[in-house]
Structure formats: C-alpha cells, structure tokens
C-alpha cells in the first residue's frame, strides 16, 4: 500500500512534467489549429541552454527563469521566421514544417552539444521525508511545486490579465478581435513564446531524471500528446488533468505491469482516446472561429 | 468642412470577383447615414473595405487621413467601431470579457468607468449576465453586447451591419432607439447598413442605395422617404 | 512508328532511367550497387507513402513501422522457418498490406492532424514493441538474414556482360530493381485508372467526392492498405540488402526520412518518390564523405556539415521546400516546363488567343 502511494506521488510529479509540455501543445493548437511536433525538441534545446548557463557558474534558481525568458524569445523568433510566412498554408503543410523544425533543432543540439548523455543537476536534494508512513522524495515534491507554480502563473496570466484576454480572443476569434484593435499577429507570436517557455519547464524538470541528450524529449512528447488528447486538445485544463492521469497511469503501469512497456501505455492511451472519445475529457465537438 | 468619413470611387472585391464598382459616399461628423440595397448589392463589402477586411482601390479617408494599406487593427484604433454581420461576439469569452475587449485600448480610466455605467444603463441585462459565457445570450442580447462593446471603444464612427437581422420587431425598435440616443448624446457618427429600409431611414439624415456595387440613389433621408417610386423600386415598401 | 515519334519526352526519360539502373552494377563496385539498392527500397516505401499522402490526402508519420513489420515478417520466415527469401517478399508485402488496411478503418474517423499524431506515436513506440517478444524477434539483438547467392542464370548473364562473377549484393540489387519497376508500374496504372482518380478526388475535397458517388471510406482504407503493402515490400527488401535487422534499424527518424523524401521529390507524382529517395538516402552519406574531401570548401563549413549531420540539412530543406516549393522537385520541374512552354509558344498563340495545352500528365 505504501508503495502504491509512493508511486502515486511520483506519478503526479511526472504528470506535472507531462502537463507542462501538453499545455504548450494546447496553447499552440488553440492559436493555430496546429500540433507543434517540434515542441519537445524546442524544450530540449532550452534545457541545454540552462545546462550551459549552470555550467558557467550560474545558480540553478537564476538559470531557470533566465532560460524561460530565452525560451520565450526563441518561441517568438520561430513563429516570426518559420511559421508566419506560411500561416495561410494548409494545416498538413504546417505539420510537415514543424517536423522539419523538430529535425533541425535536434540536429542543431547535436551539433552544439554532441550526443553523449550528460547528467543535469537537480536543485532538489535526493532525500525523502516520511509523510504518514509514505516516503516522498524532495525531488518529486519540488517538481510538483515548480510545475504547479508555473501552471498557476500561466492560468493567472491568461484569465486575469488584459494581455491574456487579448491572447485568448486572438486565438479563438481572430477576425472579431482585429475589429477590436487586437494585433492578432503579435498575439500569435506571444502564444508561441509562452508555449515555448512552458515547454522548457518540462524539459528542465525531466532532465535530472532522464539524462540530458538531444533525443531526451522524444518519449516525453508522446506522453504529452497522450495527455493533450486525453484532456481534449483545445482545453488547457484538460492538458493539466490529462497530464496527471497519464503520469500516474504510466508510473503504475511501469511498476505493476512491465517497465519497458510504459511508452506503449502512452500509445495505447492515445489510440484509445482517439477511437472512443476523440474530443477527450474536456474538449468540445466543434471549434468555430469567427 | 471635410466629412468624417469619405469614400471616393472605391472598387473592391474578393479575388477575381469585383463587388464594388466605384462607390462614393460621405458620413458627416455626428451624422447618421444609411446604406441600403438588396442582398448582394455590396453593402457589407463597403463596410469591410473601410476597416481593411477586403482589398480596395480608390480612396477612403477618415478624419482626412487615408486608410489605404492600413491593417484592420490600426484602422480601428483611430476611432472606428465596426459591428460586423453576425455581430462578431467572442463566444468563447464571457460577457464581461467581451466588454473589456472593447475598452482594452483606452487609457482614460475614469472615463472608461463612466462609459461602463452608461452601457449598463442602456443594457441592464448585460450587467446581470456579466460573468456568464456570451454564448448563453439570445440574439437580441448579443446585439446589445456588440453595441455595448463598440460603445466602450468610444469611437467617433460606428459601422453597423444589419443590426436588426434575426431580431423580433420590439427588440429592433428598442435597439434603434438606443442607437439614436447614442448618436445624439455622444455625437458618434453612424454608418448603418440595413435591409429594413424603413426603420433605417427614420433615423438617418442621409442615405445611399447600392445596386450591384454602384450607388443608384443618394440624398437626404427625408427625400427618399417621400419619393414613392424610389421607395417602391429600391426599398421594397 | 508514328506513335514513337510523338511520344512525349517523359517516356524517353523513363526508358533512359531504366537502362541506367539496369546497367549500374556492371560499371560500379558491388558496394555502390548495394547502396543504390537500399535507396531503391526507400523509393518503394516513399511511393507507398506518396499514395497515402499525395493521392488520398491522409498523413502518416509511421511508415517506418510498416517497413519494420515487412522486414521482420521476412526475416522471421527465413530465420525460423527456413523459407526461401524471395518467397517471403510477397508474403511480407501482403501481410503488411492487410495490417495497413485494418489500420485504415479506425483511421477514417481521425482528422488528418490526429492521424499524424497517432502514426507518429506509433513510429516512436514501435522499436520498444519489437523488442518485447524477444523469442520471436530476437529482441535487442535482432535477426541476421543470410544473403542468397545469385542463381546460375543471373550469374551467367552477368558474367557474359562484364566478365566478372556476380556477387550476392549485385543479385540482391537486381531483385530490388525488379520489384521497384513492378511497383512503380503498378502505381502508375493505379493513378491513371479509377482508384487513382477516385483518390485524387478525395484528396481535393471529400464532401464533393462523396456527393459524386465515390466510396470515400473504401478508397481511403484501400489507400492505407496499398501504401502499407509498398512499405512492407520495402522493409523486406531493405532487410535483405543490409543482411541484419534490429529494433534500431527502424527508428522514428526513418519515418521522417520517408516523409522528407516524399515531400522533396514531389507529392502525387510518379518520379517524385525516386528523386526523393535518392536525396533522402544519399544526403547523409555524401555530407559525411564527399564534403570533407573537397578542399575548396573551408574547414568550418565542412565540420559544420559533418557534425550537424543529416538532421540539420533535412530539417532546413524540409522547411524551405514546404515554404517555397511545396510540390517538390517534380513540381518545380513541371512549373519550369510549363513556363518554358508558354514562352516558346506564346508568340504564335497571341494571334489565336489560346493558351498552349498543358503538358501531358503521366
């Protein structure tokens, strides 16, 4: 029983990581109707940047926000340079472009940092504390706290600020927003910047667990897809809930079923949702854009 | 004295299809002008040309400055509120959020609060439903929301595309009352596109009738009202 | 005789290409022949992907997984059940095609975006799925595929032409070439007949196609099945050519490589997959070998190209092609041909006012 709760807690921590990346996917999907296949690679690249900063002597807790800012800027740059020129192209063309982007970013990371896995320092001690008979590691709690905080900040930004309002309006109702003076094009860039920053969080949180190398996020993105699809690809809340569910499920499956089948569980979730309830838990049947 | 809005020989269209063939019209400061005509005559296209939603040639000037090659967002900021066909309500957002989109560009906080008070006076139902999703509003209520949102921009000119569409006659009456009130108290000019010519002419000082992309008839509203043959041929009553 | 004279230049190009490919092993080393053989297997797989994406408008990012299936079916039949390799090729092809067809059924309900997502996930997960039944698949260690000796008739013919003995690699090359020609001819025929036209109609507008009486569901699943059939054949031949397969032979980057090849060559065309395959296969090899050997290229560029490897080049090329030439090389060539034609014939037609007829589409 104790083991179950431990798995539950670490599952929630993993879920927070999946939720962050899933949320990045949802942000871009809401803005453009597009799944950004390069989200994981962009997060990986940001994590490498953090690694470099820390390697130069910056403390983790300074490198972390600095990296988020860099990731934000990077996301905007990608939108302006690669996406904006083709924003009227059919969705499949854009998907292929994001695949090209993923390949490019992966190669770039390999070029700059090589393919040898590196260990990434965790800011949290590896000790555990005893909570009512259950041993919970500081790392898990730290990940839960950090991802929770980031998600909370994003929620507050989107729901309770004017910028967040114009962002949401531009994403769902581009034509109507223009008539209200919203610069839809800038909002799209902003959306990409935010998505990139939130995705970077998932990369930085997962790096201490997985070892940092260019292919690090390729499995995480599958879990993030599962989380986003499960939650309903338009729903930010769904991304968070989906992330937690996937995190816990995959963790439990890994322990009670088989360790090497975790990724297959992710795939199974994707397929099951798409076949049984394609709109996910919180999605709507149709998205109409005005 | 230059008019607030001037269109000079405007040609506009969608891709290879040309819809407007040399439309010229004027809206004076604080005036109410109707743009009438049958379906497909080009009324909506005219409004879209003004706010940059469709390509045009010729000239369109607002307060003397040309709007050529300006993006919609930049045109609207100059003081034009365009309530499009279908109202353009952001149904993903609440009533309050829609209203905030109207006022989000303004920096005069105290005046904004006054305008909110005024808007809730005109449309009390919006105050009641403030926190609800705007998709729960009825057609008439959505029209009110669209108008309120436009008002909160404190525009100098409002472009209204078929405000009566799909609404019950009583609701139409009250909305037009409010539009007239807005025009008289705040001196906001109105360019009104309407199929319901009768009610439009009652409110307007001048009117233009479009037919297949050209101005077929223009003049003071009173003249058009009194001219029976014009009414029969062009206005349907 | 008249028909030969008026045949469009396209047919002569095809004949030329076939002749070149037939003669290739006679003038190059055995190793180069095996490289080109592998490129041709990619061409087959890309042709299959092309049928799915270019002709019926469904995006699959998981064709590497279908290749893996075909490869493993052949390998297991040879390794465990001692079936002759050539016999396993059609078996693997048909089996993979059936699996693809079954895939096509639930795929109907998915929007193109979700289909891309699901197939991408499949591609990422398939190596670990292969590792699991280690008894059957050899797990992480993979399966060795013994390469057959050339049969006497082939060896004799080759000897007569070149005076040297035919190697296994060269024989395998000819097997692959034969399959490639057969499958390309099949695709060309499908394209011209009802299935091709139905699929193009579906790609260009499902609702309109359905309204015209096209069995949309049937053709879309058929496209999936055929496309998997091609990928399975390609995988089987690929395994034969390399002589060894393991779960790592078919990573997700292979699926992306196939997509790159399809897009660059030109979707919905016949020569496109071949051109795309040549690009996709030889780019990494050439960037690693050819570029460093060119002394006129400065060292920094060389080391960048060598280290960044194919990934960066693929990525950049993919993005640039989608932005500027979404119809790929074939599209560019066609556009160039049309433009040239217009210019050449323009003078005469100013009088008649008629546009020159479009070049014959194959």
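As written, the chain order gives the labels A, B and C, with residue 1 at the start of each chain.
Operating definition for what follows: a contact is a pair of C-beta atoms (placed from the backbone, for glycine too) under 8 Å apart; a residue touches a chain by one contact, two chains touch by 3 or more.
All figures in this text were calculated on a predicted structure; none of them were measured in a lab.
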Most remote chain, CA-based centroid, reference being subunit B: C
Chain nearest the overall C-alpha centroid of the shown protein atoms: A
Rounded Å distance, subunit A centre to subunit B centre (Cα mean): 43
Between subunit C and subunit B, distance of the C-alpha-averaged centres to the nearest whole Å: 57
Interchain centroid distance [CA atoms averaged], subunit A/subunit C, Å: 34
Contacts with two or more other chains, residues of subunit A listed in rising order: none
List of subunit A residues in touch with subunit C within their complex: 33-35, 37, 82, 85-86, 89, 91-93, 95-97, 99-108, 110-111, 218-219, 221-222, 225-226, 229, 260-261, 263-264, 266-267, 270-271, 274-275, 278
Residues on subunit A engaged by subunit B in the complex (per definition of touch): 162, 165-166, 168-169, 172-173, 175-184, 288, 290
Of subunit B, residues touching subunit A in the complex: 51, 53, 71-73, 76-77, 81-82, 84, 86, 88-93, 97, 100-102, 104-105, 149, 153
Interfacial residue positions of subunit C with respect to subunit A in the complex: 53, 57, 59, 61, 106, 109-110, 112-114, 116-118, 120-122, 124-125, 128-129, 131-132, 252-253, 256, 259-260, 263, 304, 307-319, 322-323, 326
